[in-house]
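First chain A sits with chain B, and in the next complex the same chain sits with chain C.
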Partner chain A sequence: MNVIRCSHCGTTNRAGSNFCNRCGTDLRGDEPEEQIAPPVAPSADFGPDPAAESEAAPTADQEPAEAAEATDETESVYDPSINLWNSAEFAARGRRAPPPPPPDALADEWLDEEDEPPAPGPSAAPTSRRLITGVQGLLDPLRIASELTERAETQTMLSLAAEPVALPAEQLRRIRTLLTQDPVLLDMPLASYGQSAVRLHLPWVLLLFSLLIGIPILLDVKTPIGTPQQWPGVAEAYTAINALPADAAVLLVWAYDPATAAELDLVALPLASHLLERQTQPVIISQLPGGLAVAQRLFDRAMTGLQTTSTFRLIPGREPYLAAGYLPGGAALLSLVAQDPAVALLRHVPDLAPADGVTQPLSSAATTRPALTIVVAAQAEGVQQWLEQGQPVQYSPVLAFTSAGADPVLRPYFASSQLSGLVSGFDGAIAYQQLRSVPLAVSETALLGRQVVLQNWGHFGLLLVLVLGNLAALGRGGRRG
Partner chain B sequence: MISSQRFGSNYLILFLIIFCFILIALDRSGVATLLHGTVVTLYQWLLLLASFALLFGIAHVLVVHLRRIQQGQPDWTYSLVLVTACLAVFVAGLLQPSGVTSPTVEWIFDALIAPGQATLYALIFFFMAAAAYQYLRLSYPAGRWMLAGALIVLIAQMPASYTLLPAVYGEWVGWLLQVPVMAIVRGAILGSTLALLIVGMRFLLGRSRS
Partner chain C sequence: MDSVSLTLLSQNWALWIGFVFSLMLFSVLAGNHAVAKVAQYLLVGVSLGYLGVLLWQHVLNPRLLLPLWQAPLQDGTRWLALLLGVLLWLAAIERMWLRLPTNQPVAAWRRTLRLAGMIPVALMLGVSVSAVLLGLLQGSLWPQFWYTARSGFVWSTALDESLISVLVLLLTTATLLHWTAPTAQLAAQQPRWVQGLLALWSGLGKRALWFAAGVIFARLLAAHLSLLIGRLQFLLLTFQQSLLWQSAERIWQLLGGG
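For the complex of A and B:
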C-alpha cells in the first residue's frame, strides 16, 4: 500500500492526500512510498505511557549493554512504528527536526519537576521542551495541568480530548488550509518585506528621528510654530460651557492618566480654567487608577493660572471642584453613574456647599441631572463608552476633549449631534483658548506653543521616515518593498 | 468533550446573563419602571464585585511573585522589585493619616509613576515610526493607500503647513474627513458592532467553535 509520510510530523497518510491528517502540512509535492509495516493505531493518539517510557529509557550513566537491554524492554511497551518520527529511518531523512514526544509525557515531565528527565538513548524519543508544535494544538484540544493534583484528571481529559471532532470534510480542508498557508489578499502575492538590508537601516532611521525630536527639545527651538487649524466642534464646545450658569453641576468623566498627560493636560487645561472661571461645580469621576490624581493636579494648575491672570477668587466655603471617586468595574458602571451618581459614588465624598453656605449633600446636588457632561479621554473608546452607557439614560449634552488621534473616530458622533462639541489635540486647545477672554498663565501659554513647535518637528520626522523608507525600497528595485 | 457538570454550569451562567439582560433592557426601554431599583441594585453588586476583584487581583499578583521569589525562579529579582514597590507604597499610605494624599504617596506618584507611564507611552512613537518605515511602501498593494492617507493626514495636522499650503488644502482635507472618511468609519462601526453581536449570540448559544 502506497502512503505519503508527512515531512513535518511523520504521520503516514493515504496516497493522494493533499494535506497531512495530523498537522495539516501540504503534501502535494511529496512522493508516495511503499509502506513498510502497517501502522498500529496509538492509544488515545498520544503515544505510550510516559512512566513506562521513562523507566525503560536508558540514561547517560548506563553502560551500553544496559542501554541495549533497556531498549529491548522498551520495545515491548513502546513501538517506534506507532510514531514514525521516532524511527531511525525518519531521523536519517534529515528533512526537518522531529516533533516533540507525546504531550502527556511532557506534561508528566513538567509536573514531576524533581524527577530527572530521561536521557536520550539509541531508540529513545527525542526530547523537546515544546508542548505544542505545528497546528495540532489548535485542532486537538489539549489540557495542560498546572497542579500536581490534576495528574489523574489530566490523563482522563487527554484521553477524552482525543476523540475526533466530526467536521465536514470541506470545512476541515479549509481550516487546514487557513492554518498551514499564509493568507493571500486578492490573489496578489505580497512583496516580501523584512529583508536584512532594509532592516539594517532602521536603527539609523530611528536615530535620525530621535535627533529631529531631541535637538529642538534640547535647544528650545522656537520655530516653526505655524497656525493651528480651526476644526469644527471647538466653537460649539466653548459656547456650551460659556452658557452654563454659576453653580451648574458639570460631570467630568476623566479617562486619561499620566501616560497620556503630556498631550491631554494641555488639551484639558483651557477647559478646567473655563469651568472654574464660570464658577461651575465640576464633579470628577475616573475609571483609571491614576485618573483622579491627574485631574486634581490639572485643576490646581488651572486655579493657579486663573489667580495670576484674572480677578478670579474662590468662593469661601465651597470646593472649586469635587474629585468624586475612582470607579472600578468597567463601562457598565457608567450607566449607574448616569442614573444615580450618589449610589455609584457611595456617598463617601465630601458634601457640596453652594454659595450661600448651606451644606448641600451630594445626593441632592449631583443626583439631579448635570447641566453638561464632559468626557476627557485619551482614546476614542472612553468617549464611546459614555455615549453608549451613560448618555442614553442621562440625556445631558456631552462634550469631548480628546487626543488628536481620537479625533477621526469621534467625528461621526459630532456630526450626528451625539456629541455637542469636540476639542482634540493641541490645535483644538489653542483654538479653544483663543475664544476665551481670560488668558492662560504665561508659562502655560509658552508650554502650549512649544508643544506645537515640537509637533511640527515630530510630523516632519515622520514624513522623513516615510520618504526614506520608500527611497530605500525603490533603490533596491521593484521586487522588494 | 464537555462534562455534564460543566455543561450545566454553562447553562446556569447563560441563564443569569439572559436574566440580567432582560431586566436592564426592560428598565432602559421604560417598559417596567418598577424594575429600576432592582437594576440599580445589580449595578451596586457589580461595583462591589469589581472592587473585590481589584483587591483579589492585587493579592494574587503578590502571591504569584512571592512564590517566584521563594522558588528562585528565573528573573525572580524582578518579582522582588515588584513586591517591594507594592509593599512600600501600601505601607506609606497606611502609616500617614492623609492616606493617598500624603506627601510620600504624592511624591511617588509625581516622581515615579507619572514619568514612568509617560516614558513607556512615548516609546510607542518609535514603534510607530519603525512600522511606518517598514510597511508604508509604494510597492505594497495596500501600502499605497495607507501611505497616501498617512501623508494627507500628517500634512494636514502639521500646524506649520497651514501657512505654507493654500487654504483650499485644509478645506479639502476637511471634506475628506467629513464625507468619505466619516462614511467609512460609520460603516466600520456598524459592521464591527453587528459582527460583535453575532459572535456574542453564537457564543451564548454554544455555536462557536473555539
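For the complex of A and C:
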C-alpha cells in the first residue's frame, strides 16, 4: 500500500492523506514514497498476526536504516494491551504514545470489554480502516477520518451508531471532554420538532403582506385612518425647535441612508420643514456614504413644500442648510466633531480650484457650539453613539428622530433627560406635524395620511397571520390528539 | 413608439432602473438564482464605487492631499497619516494579491511589511476601542445606572407614581433574578415556601423579559412595515406612470364611455 511519510515527525500516513495523522503537517504537496504490504483484516480476537509480525520485526539482512523504519512502523501497530489514552503506559510514553486502535477494533474492545477481554499481544492494525486516530496528548487534536471508503468500515460505523455502547463512566467522561467543550450539554434533552409542528412559510407571509398593502395602494383606499399614537417626547422636541432663534446653528447627525429612507423620510420631513421655517442654520454631517445625499434631497423637498406657503422667506446671502460632509471614522470622529467642529467640519466644494480654498472651514455658525443637536437615525445605535461620544463633550441638548424600531431602546435615554425629545416612527411624525401651524405640501400630507392607512392594513395582515397560524397549530394538535 | 412615449420614458429612466432593480432583488423570494445574484453584485459593486468616490472627494483630497500639496511643511501630522495609510495599503496588497502557496516560506521583506502594516491597524483599533469603551461608560452605563438608582423607588403622595415605583422595583429585581441566578439550584436546600416565592419572582422576571421583547418586536415590525409600504408605493406608482398602465386606463375609460 502507498504511504506518505511526514516530513516533520516521520509518521507514515495513508496515501492521499491531506494532513499528518500525528502532527497535522500539510501533506498535500508530498508524494507517496514507499510501498508496504496491504493491511490484513484483524481477527476477531485480536491475536498475533504473522504478517504484521514479519513486517514489524527487522531481519538480519536488512540495512540499519530499513531496520529503523521497520521499528518505526512497529510503533504504529496497534497494541490492544495498552488501554488507550488513559493508561499509565500512555502517560509514560508522552508524545510518542502509540496511536489508538481502529474504530472497529475499538468498538469490539468496548463492546467485549465486560464479556471477553481482548487477547494480549501485538496485532496488525489496518491503517486504512481507522476512524479516529491520534488521541495522543493534550495538545494533539482529535483527528477523524474524512471519508469512509470501505464497505466493512461503513457497516461498522452503522453498527456503532445504531447500538448503544456501554462504557465505563470515566472513559465516557474523557471521550466527551475530547469531543465537546461542554459535555454537560450531552445530558440535556434535545428539543425535537416532529412533523406535527407548524412551520412558518415566509414567502407566503410576505405575499400576504404585499397583497394587503399593494391592493389598497392601487385602489387608493382611504380607510381605516385611525388616530396615530401620541408618544411622550414629541411635544418636547417641537418646543425645543420652536424656541430656536433665527440663524441659530443646529447640528444634524444624519444616520440613515436610502435603505431606510422609506420610513425615515416621513419622520424627517416635518423636522426639515420646521427647521427651515424657523430660519435656523442646519449643519448636516453623516457617517453613512449615502446619508448626505438623502439629507440634501429631503431638505430640497421640504423647501419646495414651504415655498408654496406665503409666510416662508429665505435669509438673503445665506444657504438654507449646510452639507458639512461625509465623515467616516466611526464613533471616534464624533467626539472630534463635538470638541472641535472647526477642525472636523470642512466645506466641501469640489468645483473650486485649490487656490480658492477648498478646505476652508464652514461658516462661523457651523463651527461654534450648536444651539441644538438633532440625530436622525434608523438604528438606536446612531443616537447612542452621539450620546456617548458627542454629548458628554458638547453639552448641547439632543433630540432624536428615529424609526419605530429604535424607539424602545431609546426611551430610557429620554426618561433620563439625556434626550430632550424623541420622535419615532410615522405616528411620531404625524403627531409632530399636527403641532405645527405651517402645513406640509398637499402631496406630503396625503403621503403621511396614506401611510397611516397602509400601516393599519399591515397590522391587519399581522393579526391574520397570528390567527391563521394559531388555528393551524390547534388543528394539527387536534388531529394528533 | 411615438415621441410622447419616448419623452415619458426618458423622463422616468431613473424610476425605471429602480423599478427593475427592485424587482430583481425582490425575486430573491423565489430563490437565490442568477437574476437575483446579478442584482446583488451590482448593488454591492455600485455601492463600493460610490463609497470610493465619496472617500476621495470628502476625505482624501480635501483633508490630506490638497493641504499637503498647498503647504507641505505646515502640518507634519498629515505626513504621518499619509505614511500610515500607504503602509496599510501596501500590506493589504501583499496579503490580497501576492499570495504564496502555503508550503512556501515567507520572504523576510514580506514578514517586515506585514509587521509594519500592523502598526496602522493597531492604532485604528486601539483608538476606536478606547473611544467606544469610554463613551459607553460616560454616555450609557453611568447615566442610566444613576438615573435608575435615583428614580427606582420613590414614595409619592400620588398613588399612581408610588405604584409605578413599586412596579419598576419589582420588575427590575425579578428580571435580574431570572437572568443572573439559577433560582432552582440556589433554593434547593431552602423551605418550600422560599422555593415557591423565588420561583414566582423569577417567573415574573421571565415574563417581563418576554413582554419587553414583544414590545421591541412590535416596534420593529412597524418600522419594517413602513419600509415595505414605501417600497411597494414606489413600485406601484412607477407602474402607474408607465405606458402600459396609462394605456390600460385609456382603454378602461373608452369602455366606460369616458
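Heads up, the rule we're going with is that the second predicted complex is superposed on the first by the 252 of 481 C-alpha atoms of A that agree within 3 Å, B and C clash if a C-alpha of one lies under 4 Å from a C-alpha of the other, contacts with A are read in each partner's own complex, and residues count from 1 in each chain.
Convention: a residue touches a chain if its C-beta (ideal position, glycine included) is under 8 Å from a C-beta of that chain, and two chains touch if they have at least 3 such contacts.
Keep in mind the model is a prediction, meaning the values are calculated, not measured.
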First (chain B), second (chain C), both or neither touched by A:V452: first
Touched partner set for A:P408, first chain B, second chain C, both or neither: both
Which superposed partner A:P245 touches (first chain B, second chain C, both, neither): neither
Partner chain in contact with A:I217 - chain B first, chain C second, else both or neither: second
Touching partner for A:Q385 - first (chain B), second (chain C), both, neither: second
Partner chain(s) touched by A:P316 [first = chain B, second = chain C, both, neither]: neither
First, second, both or neither for A:D340, with chain B first and chain C second: first
Set of chain A residues, in rising order, touched by both chain B and chain C: 206, 209-210, 260-262, 290, 327-328, 330, 332, 335, 346, 392, 404, 408-409, 412, 415, 425-426, 455, 458-459, 462
Residue ranges of chain A touching chain B (in the complex, touch as defined): 160-161, 163, 185-186, 188, 190-191, 193-194, 198-199, 202, 205-206, 209-210, 224-229, 231-232, 257-262, 290, 293-294, 327-330, 332-333, 335-336, 339-340, 343-344, 346, 392-393, 404, 408-409, 411-412, 415, 425-427, 452, 455-456, 458-463, 465-466, 468-470, 473-474, 478, 480-481
Partner chain A, residues of chain C touching it in the complex: 29-30, 47, 50-51, 54-55, 57-59, 61-63, 66-67, 69-70, 101-103, 127-128, 131-132, 135-136, 138-140, 143-144, 146-147, 212, 215-216, 219-234, 236-237, 240
Chain A to chain C touching residues, read off their complex: 26, 28-29, 203, 206, 209-210, 213-214, 217-218, 260-263, 265-266, 289-290, 325-328, 330-332, 335, 346, 348, 350, 354, 358-359, 384-385, 387-389, 391-392, 403-409, 412-413, 415-418, 424-426, 450-451, 454-455, 458-459, 462
Complex contact set, residues of chain B against chain A: 1, 28, 36, 40, 43-44, 46-47, 49-51, 53-54, 100, 109, 113-115, 117-118, 120-122, 125-126, 128-130, 132-143, 147, 150-151, 153-163, 170, 174, 177-178, 181-182, 185-186, 189
